[in-house]
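Structures incoming, each one as structure tokens.
Each of the two complexes below includes subunit A, the first together with subunit B, the second together with subunit C.
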Partner chain A sequence: MANTASAASAPQKVSLSRVLGPAHVWALGVGIVLVGEYTGWNFAADKGGTLAALIICWTIGLLYTSVAMIDSEVTSTVAAAGGQYAQAKHIVGPLMAFNVALYLVFAYTMLEVSNAILIADTIKSYAGEGFESWHYEGIIAGVIVTLAALNYRGVLMTLNVNFVITAVAYLAIIVLFFSVQPWSQGTVLRLGEMVTPDNALPYGWIGVIAGFHWGIWYYLGIEGTTQAAEEVRSPARSLPYGTMAGMITLLVGASLTWYVCASLMPWQYLGYTYYPLLDAGKLTGSKTLEYMMFIATILAALASANGCINDAARAWFSLGRDRYLPTWFSAVHPKYRTPYRSILFLVPIALAFAFIANLGQAITFSILSGVLHYTFMSVNIVMFRNKWPLGSIRRGYTHPFHPLPAIVLFILCVVTFFAIFLGYGAQLTAMVVFYIVMSLWFHFYRYRYVRRGEQFTMPWPKPRGY
Partner chain B sequence: MWTTLANAGWAISAVLLLWMLYDWFRTDSTYSEDVLTSSREGEIEAVSEKHKI
Partner chain C sequence: MAKYNPPEQSRALQWIDIIFVVAAIFLALWLPLQAGWAGVSRAIQKIDNPTWEALGQTPAQVEQWVKLGFADAAAAHDIIQNKFDYSIDWTQLVIMAVVIIGYFVFLFKASDKEYREVIDEKFNGK
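The block that comes next holds the complex of A and B.
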């Protein structure tokens, strides 16, 4: 009898759960990115000086505003897990989609690895003697596996947690900003002494361009909001709101962060330290502010790693669902409604990279995959508008000034590639070769398993010209 | 304190990993592969978006 009841109540079909709202989208996007204010952006000062870091903050802000606007328009129409992967599949084609999914998985997995390493490094810097490699790796393992388990357990709890810890980490920046009396230069802050006409741009404009590589870190990952597309209650409303609100939050946060840090430390140190905001807290002389920034650094890194696990798993899951990878990866947990096999599959990969890679390498691989991805987006939106002009399909959001954001995005991506080439040319070449090899594998081997008609799922009219 | 936290990190990750592996095994043996992989992209759009403007 119990068996009969159990069989009768067993689900015949399972899918991801639509439980998220705009606040969760904000928590996912800002959560992934905010760690960039706590570390990473400041290496731009090493390349070009403190003023260069500010110029890059706003110029790269322009790049990401374009990304957020373009992404909001396309994703409010192509509301599917996989985000830009699903966009590329429908708008450009399967080979582009396969590459975009790989960019996503690499960018987020490497970012997750970077965050776990950052948390271990931060704790190590306070732990003192007796903190051996066993302990260091214990922190990394604890972070990656605990967050993977949270993601495994359900998306609502995962992003509720992300909302709280992201908000706390963001508030810490605001509290620090007001604690140093920004209205009264000379009391705590000394911007005029730290940034002078002689040291503002120590390497000239080539230093500014070289700094673009690290400037990406101010906002890297905001486009990750689209991975939640299949789990939000109203994609057409929540995704544009959450993404644009996230971008505004980050622009404010990045500017405040630069102002406080640039006013407290010389560019040589700012470009060298791994913890600009934590050091800013220390330099105020207040133990309370120092400990607050210590905790906030860890919370920001946790929020980022948490969001990255969510996004990488969705991209991997989507590849399985379209048979670009074995369908085994497309399983959804009947109780928790999460892509549990994809989440679990990526855990040992993240752990392996976290144990063998250093922070600089992991960040660079993440940035490279991100910039490749943004370059695709500039082409994607032009094709989208050409194939399905305004009025031909329903859009949740229509971005203004088209094609200006696409042109700005493309130009800034080219400049950033040049900047990466200046500092990490070998890694850039290796990464591009990797994607070419994977493309050949997909084209000549894997694509035979794809059910070609089934992969295009949007009920759109035929594109113009077809 | 930090070394204790790090040791706890190993213990917690071992417990959670074992829980996930156990749950994975239990789920895979309870439900058929067809049910587990039955999610399809675009199902909601097919119902709610008609694209008649």
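The block that comes next holds the complex of A and C.
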């Protein structure tokens, strides 16, 4: 698909580069998400206890397995930058697409902010007394600006870097797991003494439901693999393989993480700390493991922020390309073939929120947009199958058991909305009001600048029922 | 259906749109922080002169607290006793449900209207 280098003024055609393979897709998805195992998931223990965090890990794993299955089918068929935005545009309609792009930009930008804050907090926790506020803010700014520059420079280099640092951060979890002799409870790990019948579910089942809110953080962002759809050499092969491999990687990593952390920390501390894996390293008594987890925490956050900049910029770029936002954003860099204006535009927004929000708040903003997004996906797949039944168009991948994954996804999204209500109900309502205002603005004003038929770019037959 | 030709947007109007979107994003993210909505309902249930036993910690758990730098029960008190309140405000729950359901209903209905125009033009009404 071609794009103008400066869509508003110059006629030169420049497109995004098709240079990525399944490993890059894996690196993009896992890279964004892996930080959730270094921080965030453990707040589910705060909400409902350590056992709740495990129940949530697997239940939310089911939610994300549904997301990955659904996404693999739709994206391997609608292979365009913007991922779910392009899906919504072709399946539901322009207004939904506009909203989905905003969910993506919000979720990824706030996730990027969370990562920058986490890096600064982690360094601060080891820095000692000479560490002042300008050091802290300098680290946040340095992370965001440096990674934006890397993204500006090219997608291949960006995701090669992500592949390496994600692999190292994941390997650190495996090394930690085997170092604490998981086969020999009582040597280092003491699960039975940390999680007792009295403290396993301190708030009962309402605590488990409340913890769904943070459980999202175990896997939030895996669906970002689809943002690379226009830059992979073989979307029909790479996207399902990369996404499903990523999901398996994360399910294994999340379970190992829970087992190690739950066996080393009282649940109240597990729910309190920003660095559960780093603390786990510390509690082993080995300085090598402690420093390894310190470095891995920073690498995981860097990989996530890097992938988030990549994804948020592509969603924003897609909005400009379809004229949903000013076409100025749809520019592709003539040399680096990246959506450079969108990358640069989102930098000050990320910086501003990195300085005014704390980690918990930034994560919540990201989660809220993510859950709205998954709710859309559960309906989207049903509409996709109804409008183009199996056999009517070529699909790169067909997910099994339809509509079961869609139903599971929808039910778990409703439960998660309730979980968010238990902690952040007013914030959720305020954010939905924002999306309503933006929807009214788009539907009654902005849409007049959008070409109608040209939005539909797939070589498909007319949808059934239209 | 006749092909729809959108009006060209002037550069000034493009900038106004950008400013509107950015302002809306900032308002949506900043307002809850400023209004104090971005937080959860919880409170510290204070225990005077706390001991590890009073805080419900077993010897194995105490050992880990100490390794983590909490020398005594008083240091860990605020973390252990910071409890959530999961009582449900039904009015707020109903408002939230109505807002979310109303939002999605509008979204799907308005999207469908726009989508029909897209399909009509793309397939020339055939």
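Convention: the second predicted complex is superposed on the first by the 454 of 466 C-alpha atoms of A that agree within 3 Å, B and C clash if a C-alpha of one lies under 4 Å from a C-alpha of the other, contacts with A are read in each partner's own complex, and residues count from 1 in each chain.
Basically, contacts are C-beta pairs under 8 Å (C-beta built on N, C-alpha and C of every residue); 3 or more make two chains touch, one makes a residue touch a chain.
It should be emphasised that the depicted structure is a prediction, and the values quoted were computed from it without experimental measurement.
Of the two partner chains placed by the overlay, neither subunit B nor subunit C lies in contact with A:His24. In the overlay built on the shared chain, the residue A:Ala357 is in contact with subunit C alone; subunit B does not reach it. After overlaying the two complexes on the shared chain, residue contacts for A:Ile349 are found with subunit C alone; subunit B is out of touch. The partner of subunit A that touches more of its residues, comparing subunit B with subunit C, is C.
Of the two partner chains placed by superposition, A:His373 touches none, neither subunit B nor subunit C. When the two structures are aligned on the shared chain, A:Trp328 is found in touch with subunit B and with subunit C.
In the superposition on chain A, contact of A:Tyr466 is made with subunit C only, not with subunit B. Of the two partner chains, subunit C is the only one touched by A:Gly423; subunit B is not.
Comparing the two interfaces of subunit A, the one with subunit B and the one with subunit C have residues 327-328 in common. Interface residues of subunit A facing subunit B in the complex, by the touch rule stated above, are 10-16, 18, 79-82, 86, 123, 126-128, 130-131, 134-136, 138-146, 148-149, 152, 230, 318, 320-322, 327-328, 330-335, 340-341, 344, 347, 391-394, 457-461. Contact residues on subunit C toward subunit A in their complex (touch as defined above): 3-7, 9, 11, 14-15, 17-18, 20-22, 24-33, 35, 37-41, 56-58, 60-61, 64-65, 67-68, 76, 79-80, 84, 86, 88-89, 92-93, 95-96, 99-100, 102-104, 106-108, 110-123, 126. The touching residues of subunit B, counted against subunit A in their complex, run 2-3, 5-10, 12-13, 16-17, 19-21, 23-24, 27-28, 31, 33, 35-46, 49-51, 53. Across the interface of their complex, subunit C is touched by residues 8, 47, 88, 92-97, 99, 106, 110, 190, 193-194, 196, 198-199, 203, 206-207, 210, 264-266, 268-269, 272, 279, 282-283, 285, 323, 325-328, 349, 352-353, 356-357, 361, 364-365, 375, 379, 417, 421-439, 441, 443, 446-453, 455-456, 462-463, 466 of subunit A.
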